[in-house]
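Labels A, B and C are assigned to the chains in the order they are written; within every chain, residues are numbered from 1.
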Amino acid sequence: MLSAADNDLLTRTAAGTPMGQLFRRFWTPVLLAQELPERDGAPVRVRVMGEDFIAFRDSDGRVGVVEPHCPHRGANLFWGRNEQGGLRCAFHGWKFDVEGNCLDTPCVPQGANYKNSVKLRALPVEERGDMIWAYLGPPETKPPFPAIEFTMLPAEQRFVSKKLQECNWAQACEGGLDTAHFSYLHMSVAESDEDFMASMARSDASIQQERIKWMRDDGAPRFTVIPHDAGLVIGGARQASPGNLYWRISQFLMPNHGYTPNAFPGENYHGQTWVPIDDRSCWVYCYTWNPERPITQAERAKFSEGFAVHAEVDSGWKPLRNRSNDYLIDRTDQKHRSFTGIVGVSEQDACIQDSQGYIADRTREHLGPTDLGIVRFRQLILGAAKALVDGTEPKAASLPDSYLVRCGGAVVDASRTLSDLMIDRFGAPSGHVGAIKTRSDAVAGVSS
Amino acid sequence: MLSAADNDLLTRTAAGTPMGQLFRRFWTPVLLAQELPERDGAPVRVRVMGEDFIAFRDSDGRVGVVEPHCPHRGANLFWGRNEQGGLRCAFHGWKFDVEGNCLDTPCVPQGANYKNSVKLRALPVEERGDMIWAYLGPPETKPPFPAIEFTMLPAEQRFVSKKLQECNWAQACEGGLDTAHFSYLHMSVAESDEDFMASMARSDASIQQERIKWMRDDGAPRFTVIPHDAGLVIGGARQASPGNLYWRISQFLMPNHGYTPNAFPGENYHGQTWVPIDDRSCWVYCYTWNPERPITQAERAKFSEGFAVHAEVDSGWKPLRNRSNDYLIDRTDQKHRSFTGIVGVSEQDACIQDSQGYIADRTREHLGPTDLGIVRFRQLILGAAKALVDGTEPKAASLPDSYLVRCGGAVVDASRTLSDLMIDRFGAPSGHVGAIKTRSDAVAGVSS
Amino acid sequence: MLSAADNDLLTRTAAGTPMGQLFRRFWTPVLLAQELPERDGAPVRVRVMGEDFIAFRDSDGRVGVVEPHCPHRGANLFWGRNEQGGLRCAFHGWKFDVEGNCLDTPCVPQGANYKNSVKLRALPVEERGDMIWAYLGPPETKPPFPAIEFTMLPAEQRFVSKKLQECNWAQACEGGLDTAHFSYLHMSVAESDEDFMASMARSDASIQQERIKWMRDDGAPRFTVIPHDAGLVIGGARQASPGNLYWRISQFLMPNHGYTPNAFPGENYHGQTWVPIDDRSCWVYCYTWNPERPITQAERAKFSEGFAVHAEVDSGWKPLRNRSNDYLIDRTDQKHRSFTGIVGVSEQDACIQDSQGYIADRTREHLGPTDLGIVRFRQLILGAAKALVDGTEPKAASLPDSYLVRCGGAVVDASRTLSDLMIDRFGAPSGHVGAIKTRSDAVAGVSS
């Protein structure tokens, strides 16, 4: 439960808000790279944390993310021609490069020197992991790019997507960190084994019938949280075979990234980054990666149709099952097969998160032991936002290597602690992996 | 004409407003029973006077109307599974019965006693007259259920429907009490008798050509109002055959019920209850009943297609002819056949009431003698709302038997007063009928 | 660049605002005459500068523009029957004529004298130039009707249309006065002559390949502005053949009319009047006229499909290419043929003007030498609005003859000034033409 003031603090990210300031100390995805597929192609509108930008890819493949209005008369550069070396305003032909420099003001008589006196605001941009990342904060605090694993691998070892979510970022993030709900929201209620597994088909858990049944049969996992430089390890333990616990361990990375808790060694990892569009909606950037092997074509096809964190979306990345159509809930299916009657893990998450309201009211909730991860997430991020107001920069931003962490699922003896098993598997309680095994061509970390 | 302050007082029914407090001293329909057709069926969203609820029918057929957000994390119970004995939240499985008691918190480790510490707000509910009625006020002032006649008859003697209306409740109610407008709004302008009657086909008046012509030929009825314990008798007298008056007498029952003035002895009665959704829209619950005989299948078919108070609606009870499509007005028809060019008495009413604005501005009106009923309605209900603010509970709520009234049409000698003819027909000036002739199986007053 | 206060002053025209007061000193088009095609036909809704009215044509062909709500109970007269001599409210039959006089209150008993005590607000109306013009200001300052040329010619010598524009009136007007943008916004980028001219097909300039190339090749015209009693002459000069300048000269007429700069002697003139619906949208009334000959059927057909100032619109005068569909921009066309990828000069204008925002933010712009006309327009109209606040009535309103001006295109020796060439062609620097050659049947200036 939060005070109304802390709920506002947590959820508001417009420029000038404390949480908005904190977010603006970190790199944030603003587009998938595929949304700017070609050099000199069509510009694209971007809205992030209530701020509007126009993005374009120039003749050299560089991406610009600039303020939308031409400094001359305020026409929107979305309508501009993306020409050799820059974007030209359609009204009177002023032209700008990806850094916001004015290259040309052809309607101004020769001799006048307008072009050096105007400049577009242009964000620092990095293209990593098949996404366009931007930095919206003050130049002097621009951090190094964090070692987020999927961005560091060869392109064939990852799959990325995005989806529109019609609620505040924080409750969507909390839903991602809350691994207890799998026993309910994503669970089958079918009695026959065949129906049971069929109704789990869009969940990555479908690969492992045993794990699903452990989740179904123990709906009150015991949680442990381990803080580290980049965020939190959040582990929930359920009863497995006698004497053993089934651990599902997720990561929260500052300020808005979360990794799912499913991957046993060798399996695919999944993660999500929640990027506020405004305070009532967000883009969820979704990624699957495998540090050991390429993502197969069959997997890519499956993810494209909606699977695990990936939603089934239209050409504008809006989920086909969404607020406006009640997520196509099938009440008969809800009665006999799935807990929700809604198809897709991602869509089930969206439905229940959206249902908390456009901005969840945390003043009336009653948190329990399984909400420990959420409590710690709030403490961490509210603390960082308040500290920044007081002048203390967020530590995680300055420690890019601290982001190189993993997590996942494990079955271990009931006597082992979360810290024990993180050390056993990854070498550190934080899940930090000192170095990743990558092919040499991935060193640059840039996808295209 | 009202002051702006009184106009606000009359029209605002959110929790905490004076009129909202008054409304919350009475039972109000919140759904048709058919909207919760089966036990353990799909939950339904309810919005009434700006408050949101979820309604569901449990395994025993009981109906719950509860606050929408689960106390755990605020997920909306609309998405819940309606299981044996209660509604289970889709997020983490907390389960509640129709009284709001928490039956289960499966994600909480055994030993912890959460379920006794949380409770959903649950409204008192009665299922009467094929409708779900709820009481939204303080427990200590919950009144007995009023003797509204259609709710006390066997189901075969009534027909119920509802329609969305996109304006404030009060102007819709005033339109229902204003019987003078029949000479205009619902009137045919056709010259031939055949066309004249054809263009009245959706009006109950169509059964009686003589009456329609009286209404057409005398457009300035003389009004008399008789107050009684539950509300007002409002009678309008028009010239009929020489020496006789054609009286059309309606009832207003506190705080939001109205009966139409058409029924001669033996004919069907019609009534409406205006239930605010918010201050700019309302549900109109519509009912036809006959104290003496079942409503026939032919009548039911006719009402379902839109007739008298019943509108032609879509599957969500939204009228097919509505604000968004200009009620499908046919200007040619308006020129040659009907006064409005709009099909349906109910739709004509909605059009003209909606046209007063989402909330009618009563500071600029010019009321005349035919508006006496409206004047007295406002005095009564504004007086009751103000009295309640001062601590005086509304009398009508405590006198459920006073609601057992009738009204209708009559042709009588011009020397007779309204009071005379009410006594002659019903036994009392108020239209109160001491007892209703019902079959024994209707005594319980519950429809299912 | 304007201060935020002046930007508000310029753009806000609701009743009571300074600019709203100024606008209300002038006659304004509120409908095309064809929107009220027949006597006793359907009433029409009108919204102008945030005020709502109902317009109707009575049995004698006269047009009423009246307040929408019946004084009785506030029903909207849009639903009224347009009967012999007036509009009758559909609720209780009160009837009003085009001057707002109450003709009948049939629901009021005889003897009562209601109809003389109520009156609808009714605007003074003139039907001129195939448009319905109204005056919304105080009666004592109602001006004579201005000598706007297209309204004074026989109907066959003009063509009128209108289009919805989804932005504030002032930036649309500024776009109309800014003739520098033709070298960019409306320009072809095609390399072959054939493609070049084909992609200019919807521009009046298409008739004169030479002029287009001058516009393409000199994108920094030099501007001169000549103020006169009714407004401003705005001339921009581009390099033409050696030693010659190609002048494009437009007119601004107070408070919201603009003439395009294209017409060489004998060619069609075009003009636009920007009428605020509210502060975020306007109707653009568009007109083409030829003082010397009828507009041909071929020209009318071309204009109806969208040409020059005329847009391609649906049955409600909304452009087919508009905000909601990104003006059907074709990015491939933008790359290879036209500067915008949008079809239609009118639509290109609308796109770029809309793109400045619903209300352009003029506090961040950087005006240059080609924006001289815009600067002078703002000075003129802001000055007049401020003067009116101080009690000085606008001079132009009292000088109707001063509106009889022309403008257009010319190629002259580079040594000639704008004033020289205006005198040469029209007889006065203002473009004022002492008398127009009209047929005798056009003297009355009324179109129907």
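Heads up, the rule we're going with is that contacts are C-beta pairs under 8 Å (C-beta built on N, C-alpha and C of every residue); 3 or more make two chains touch, one makes a residue touch a chain.
This one's a predicted model, so the numbers in the text were calculated from it and none came from an experiment.
Superposition on CA atoms relates chain A and chain C by a rotation of 120 degrees, given as a multiple of 5. Counting every residue number used by either copy at the chain B-chain C contact, under half are found in both chains. Distance from the chain B centre to the chain C centre is 50 Å, each centre being the mean of its Cα atoms.
The residues of chain B never reach two or more other chains; the list is empty.
Those residues of chain B whose C-beta lies close enough to touch chain C in the complex are 180-181, 183-185, 189, 219-220, 222, 329, 331, 334-335, 339-340, 348, 351-352, 355-357, 360-362, 364-371. If you check the complex, the residues on chain A that touch chain C are 40-42, 69, 71-76, 78-79, 81, 89-93, 105-110, 112, 114, 117-118.
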